[in-house]
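To start, the structure under review is shown below, and the notes come after it.
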Amino acid sequence: MTTAALEKLDIRDIEAFLYREADCLDRTDLDAWIELYAEDGSYWMPVTPDQPDPFTHISLFYDDRLLMEIRRINFTQDASSLIYAVRSSHIIGNVRIKSWDGEIAEVTSNFHAAFFYRGEQTLYAGRYTHTLRKNGDSWLIQRKRVDILNADQPLKSLVLYL
Amino acid sequence: MTTAALEKLDIRDIEAFLYREADCLDRTDLDAWIELYAEDGSYWMPVTPDQPDPFTHISLFYDDRLLMEIRRINFTQDASSLIYAVRSSHIIGNVRIKSWDGEIAEVTSNFHAAFFYRGEQTLYAGRYTHTLRKNGDSWLIQRKRVDILNADQPLKSLVLYL
Amino acid sequence: MTTAALEKLDIRDIEAFLYREADCLDRTDLDAWIELYAEDGSYWMPVTPDQPDPFTHISLFYDDRLLMEIRRINFTQDASSLIYAVRSSHIIGNVRIKSWDGEIAEVTSNFHAAFFYRGEQTLYAGRYTHTLRKNGDSWLIQRKRVDILNADQPLKSLVLYL
Amino acid sequence: MYDIAHIQNLVEPNRVHRDVYLDPQIFDMEMIHVWGKAWVYLGHESQIKNPGDYYATTIGKENVVMVRGKDGKVHVIHNRCAHKGVKVATEGCGSVKGFKCPYHGWTYNLDGTLQGVPARAGYADTGFDMADPKFHMQKVAQSDSYRGFVFATLDANAPSLKTFLGDAAATLDNMCDRSPEGEVEVAGAPLRYIHDCNWKMFIENLNDAMHPMVAHGSVGNSTKRLAAKLPKDVPYPREAEIIFPFNSSYQFFDAMGVTGLPYGHGYMGGKQSIHSSYSDVPGYWDAMVKSYGEDRTKEILSQNRHNTIFYPSFTAKDAIQAVRLVKPISVDKCVVESWHFRLKGAPEDLLRRTILYSRLINSNASMVGPDDWDCYSRMQESLRSDSYEWVDIRRGIGKEDHEGQALRSFGTSDLSFRNQYKAWLAYMTTSSTKERAA
Amino acid sequence: MYDIAHIQNLVEPNRVHRDVYLDPQIFDMEMIHVWGKAWVYLGHESQIKNPGDYYATTIGKENVVMVRGKDGKVHVIHNRCAHKGVKVATEGCGSVKGFKCPYHGWTYNLDGTLQGVPARAGYADTGFDMADPKFHMQKVAQSDSYRGFVFATLDANAPSLKTFLGDAAATLDNMCDRSPEGEVEVAGAPLRYIHDCNWKMFIENLNDAMHPMVAHGSVGNSTKRLAAKLPKDVPYPREAEIIFPFNSSYQFFDAMGVTGLPYGHGYMGGKQSIHSSYSDVPGYWDAMVKSYGEDRTKEILSQNRHNTIFYPSFTAKDAIQAVRLVKPISVDKCVVESWHFRLKGAPEDLLRRTILYSRLINSNASMVGPDDWDCYSRMQESLRSDSYEWVDIRRGIGKEDHEGQALRSFGTSDLSFRNQYKAWLAYMTTSSTKERAA
Amino acid sequence: MYDIAHIQNLVEPNRVHRDVYLDPQIFDMEMIHVWGKAWVYLGHESQIKNPGDYYATTIGKENVVMVRGKDGKVHVIHNRCAHKGVKVATEGCGSVKGFKCPYHGWTYNLDGTLQGVPARAGYADTGFDMADPKFHMQKVAQSDSYRGFVFATLDANAPSLKTFLGDAAATLDNMCDRSPEGEVEVAGAPLRYIHDCNWKMFIENLNDAMHPMVAHGSVGNSTKRLAAKLPKDVPYPREAEIIFPFNSSYQFFDAMGVTGLPYGHGYMGGKQSIHSSYSDVPGYWDAMVKSYGEDRTKEILSQNRHNTIFYPSFTAKDAIQAVRLVKPISVDKCVVESWHFRLKGAPEDLLRRTILYSRLINSNASMVGPDDWDCYSRMQESLRSDSYEWVDIRRGIGKEDHEGQALRSFGTSDLSFRNQYKAWLAYMTTSSTKERAA
């Protein structure tokens, strides 16, 4: 990446965008959340730390827009797993820009998401890797990779994106 | 809010102020903490996410300066619930300015407070909504609303502000 | 500290440096981590909040470079306590510069480290106190003091730095 | 399960054995013998105003639903699908046309009777009978309500609710009578407070007049110290008005008196309590006189019971419109719920006072509740000591006066403890509903 | 430990007592009588390709290691050091020359025999004998593999694996036959899913044809609603192809049929299943025909078993190359592992379909699994209700056809439940290996 | 409670049954029979220097307080209020004029006798007697101290502390003699380390000479590898001096020897230990000679016991001034506390060495403790295996020499295990204090 290009990136803008995405999830506003994703954008939560791809190895989540849409609708239906209050509070920290070519920025950050579901609060923690595409003076999410510390461990149900 | 006005707000200042408040609590320095509140300031922790007011519905906390003062004194007395070490570590993140009219700023943030009491560490997480009044080149807290994820769930004793 | 000097300190740089250190730990890259420490640097985790020194009172950790080196090597050996996946996600927040004399900066911050070991995720939370020495346009760690909330409580094994 | 002799040895006239608080088997027996036989308060009719409104809760460890039927009647049914035992309604309140089990879709009417079974043909010639109660969400043995307070019991042989309540009912009457319309309604969600102690420690504490001046001395002194700094000419803030009585003298509490009633119920005060000297709320008196006339109003407002214990499941105040439910979880864990009520037709300011009271005294974040909490936990912890296995309840023994079914004594007497364990022993040593069913 | 009569009273022809799901003592007995006697699936040979490769796992609560010996043979040994009982190999897979205990360094050969003891002189004249099995990591009673699937049993008297599998083996055969090379191999790490329910609820659910259209109706409708918005001319996305069948009608599932086999095994479908109408994968047909010829290929692809239950330890699909293991943790907790397989020699796209299927249906983050999870948990919770102590399994009773050792009925019959409890009762009421050993 | 025969069958000359580590009922019996009869170390007099200073701790599961009385004497009393059983003093140290219960304010003198009861008139004619011990914070059966180390026992029939300690006392003597003033004092707060294993695994490990070179080989090699890089001419850093001995050969440990004493006590080394070749600390020798003369100083410094086990409650070193207490929590959980001492009148550098030693070897964050921890946990986990139910302790059996009450053998013998279980069996099979009290 050219330093020149990099200088043009204000990490504050990136942070603000990541906060906005987290805020959509904390408000369980999937309508607004989906809008932050590119048409060919995807959300991926692998099972193993070094997982090469979402297609030939099982993942916890791998949603393209189609599945995001189904999930968005399902979230408003009567699924018995979704009649409970779903609440979260995301803290995003240690945001670092890994690369920026003037169009695509790869950004890593750490996150702690306190997630409340079925009367239990669980802390999901790990690392985000956002591939962001410049879109006017904002961004679109090309891919969000979510590596939680215990992805390969026995986990309970995950009823919403982290 | 006028963009003009907004531009004049440096989110860094706001963050620094929120950190200062959290630091008072982490150091259990209620003397300094109270000073951050306006004479008619209040600290509110509702029981329900959508709670309209602190008066006709029960809350966990709703302290005006009078009760803050009583609490401050009580914290130094011999209450059996307060003879234990009380320690906390607040992380405040995703700070966003919701409105700013040149005098009053409404700021939301997410927080994770690790709270240590009676040998147990508990993570309280949720959202802060600070109503801040400009006071010279610093701020005064008009109201701090604290929504924890599990406010309506069975909780143990809360012996200090979050 | 002179305001003049202070002005020259961009808290962003400090934060970036703290994030970099945390990142080394999250990646369990002790080679890179050690390089962030001064030759006479040390890492200290006291047992009591008010502990005066690491020499006449027991501490959980007190590593000078010598012990850091032993630990770094041991981490790659076959110790039965280290054949398990060790993963962490640090969130560092509320970063504040306590002093800066143009050469040495003392920086406090709060941290929440989600630590995964032997199938269990534990949240370690507390305060960092970094004594940083200016080193060209970066920093070296003179001392890192880590006060976790429950340092004086029964804890399990701590197999890596927090 | 212990035999009767074993249980009887746990309760002596002036002391009870620690096992009533520590032994998991005793707890399991309590769920069957005490919570399985007593009338337990579930909720208030104002929580389920319209047909189909329900509130899913518990009787001891039993999941039940209190629901408003099509006919407007309140039904209390077991929250269990007759097919494979799935919990049908989830905790808390909701509104439905009928109940539907999420697993295989069996549907139930609001009275719990089976409405439909998908692809029913598959049950042909299997002895399956829609009308058979075992294929319903079964009604609990008995349910009834008093002034809008809904109770149920799992025991078909239990006495009527009226008999069970006896003179304790007067507390609920007075709470309602304090409304110009004679009715209260629930004001919002409850406070929920986890306690690391046996459920009985909480209930027993509510008529324990020996503890406030000690356990709550700190907040009292703190308030005094602050009040001293306040301008003398203005009246004390309501906060002080609420907190100060907790530092009342032993004499004050003795004078208040304590009363024991059948079934382990009881109350402190009567004419005088820690609430009696609250200052007036503008407009309230007039509204009351308008409804009741002056004499009756005086009479209503002159009743002041401190805490009334409705053994085993809840406590109520009259001058403050709040009730506290205890939910047993395990031998050393329970959840306390504080619910608040609006006096219909009365100035909103009375609700504000009730809310303020509860926030100052009952809240997990108050400067009062956590001190009680700390004492309960420390009692639960050190009762296991082998140095002495008994809890003392001798204070004032032999100094009781009988008034009909009531027992009266000076306020700091342990009468209430003895009265509760008399009831407890009776419950624990008589056959269970299950035994009788068998 | 309960006596036989007590156990027998828990299972009736048309219902089972709640205690089979709730009683911790029953769970402990299951570990000895069911999990201690049945052949339990451990893993696949492709997980341990080379000598020294091992996979450490469990049989019920017993820690074992499946390891490839120097001779290429698969050994299954107890994961316990003979010295003081330390767990030698840690969970999961690894590769070693031999095993070494971390505490005092005793070393073991890949077949579990003792290789060396440090400073052995200290054992002179103590009766210590390297050859004595009690100083080895002992072999489990029996182990064997079928088409690469490794099983073991703790019971020396257990029938052969072939006998145990019976016709259920055809599911594994078909899964492998669908590979042009006749072999499958594990594709990566499993999904792990904690369930707050008894292990049997999960196994029983896999042949429960009454629940999909209800419990999974939501995701089906959501997908339909979205599909409606999609351009009509393009074919449905594969996602829809996978999700829609879960909303199939009762008739569809009835037609599929359910089959019960000895030892509690069973399956749904056979010729037709929710997988039968998947669209073709380019290149696959040709590859199959090349290996098997057209007729045999048709035959192979025409088999479609929905879920096959290998009681008690796992379930498998054939048309989708995935298996799900249940790991009992406690009476109300189990972990479900989903493993996925590559069809050797087949287009990678078939693995992609298997992965997609599992992500959409089995994943903790899918829109299907969490609904099952919710039902299990609510069943576990309300089964404790005293209103009725039984779980109904009468559907279709008396409507079974015998075909040799197999029992067949319409798909929504409870036949599979009854068949599992027949096996369960047989396991629980015959002497344990331990008893026989004694 | 198991009968004697059952207990006796758990211990054989060359092996112990896994149940001693796994069975919760055995653990409960241990609290009564072992921890209820042995002398248990509570703390050091230097923790309670002045009248009113106290330290609240435990004997097994019993909450007790060790407190300095007005008269300067040390009292050990049960930490339980005689009224309703509340824990009076909170964990850890503090300083008071007298004890006051937080619930109802009963007050106690520093010796536990009842000082006052609020509003005492309420107890008139109830048989209440201030002098009756059952209304006191009762004294434990016996307490005593040795060279400032405070012990207590819950058994009135226990032998004297001196008898109990026997030759193990020499370790405490030597620890104190190493102070020019003949006294040690506690240096600050302890390290607390949760262990997921039975308490006996920790105690047994302390004289287990077969494990260091294996379990701690890693840190030893790492240190060697680093040391190799260090300049040859400068002496090894103290860190290396401390770590290297853990990699000593079996011969070294055999030569050190192991000694078993009555009551399950024992130690390794004597003249030689892993501490013997520590380099000198400037000024220390002179200070010692000044106090003791050269010969006595040589004699003192020549004693070197590695770890001395004071069964069941703690271990001590002499050359390093540190003790480690084990606090049993449950059958599979215990907490280990490491306390450190200053040699009065000696150079501070000796404390620094003790601190450094403990940080390098005992700390939760050391490179030694976590490896022991891992072995204990894996032992706790795989002991449940049904492949073999016994833990082997045969090493060196029959190779012991009797010296008076002591048993001696080569250092890597299992003598210490056998000696501990001999004492354990004696405790577990003799009547409990409670039985005798009854």
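We call the chains A, B, C, D, E and F, going by the order they appear; numbering starts again at 1 in every chain.
The rule we apply is simple: a residue touches a chain if its C-beta (ideal position, glycine included) is under 8 Å from a C-beta of that chain, and two chains touch if they have at least 3 such contacts.
In this text, all values refer to a predicted model and were calculated from it rather than measured experimentally.
Chains making contact with chain B as well as with chain C: A, F. If each chain is reduced to the centroid of its CA atoms, chain A and chain F end up 51 Å from each other. Here the spacing of chain D and chain E, counted between their Cα centres, is 48 Å.
Per-chain CA centroids place chain C at a distance of 46 Å from chain E. Shared interface positions of chain A, i.e. residues touching 2 or more other chains, are given as 80, 91, 93, 112, 119, 123, 153.
Each of the following residues of chain F touches two or more other chains: 90, 102, 215, 371, 374-375, 378. Chain pairs that touch, as defined above: A-B, A-C, A-D, A-E, B-C, B-D, B-F, C-E, C-F, D-E, D-F, E-F. Chain C contributes residues 45, 47-48, 51, 55-62, 66-67, 69-71, 73-74, 77-82, 118, 152-159 to its touches with chain F in the complex.
Touching chain D in their complex are the following residues of chain E: 14, 18, 208, 210-211, 213-215, 250, 254, 371, 374-375, 378-379, 381-388, 390-392, 394-399, 410, 412-413. For chain D in complex with chain A, the residues that touch the partner chain are 90-91, 102-103. Across the interface of their complex, chain A is touched by residues 187-194, 196, 215, 217-219, 221-223, 225-226, 237, 239, 243, 335, 338, 340, 348, 351-352, 355-356, 358-359, 363-365, 367, 369-371, 373-375, 377-378 of chain E.
Note for the complex: chain C touches chain A at residues 12, 16, 19, 22-23, 26, 87-93, 112, 114, 116, 119, 121, 123.
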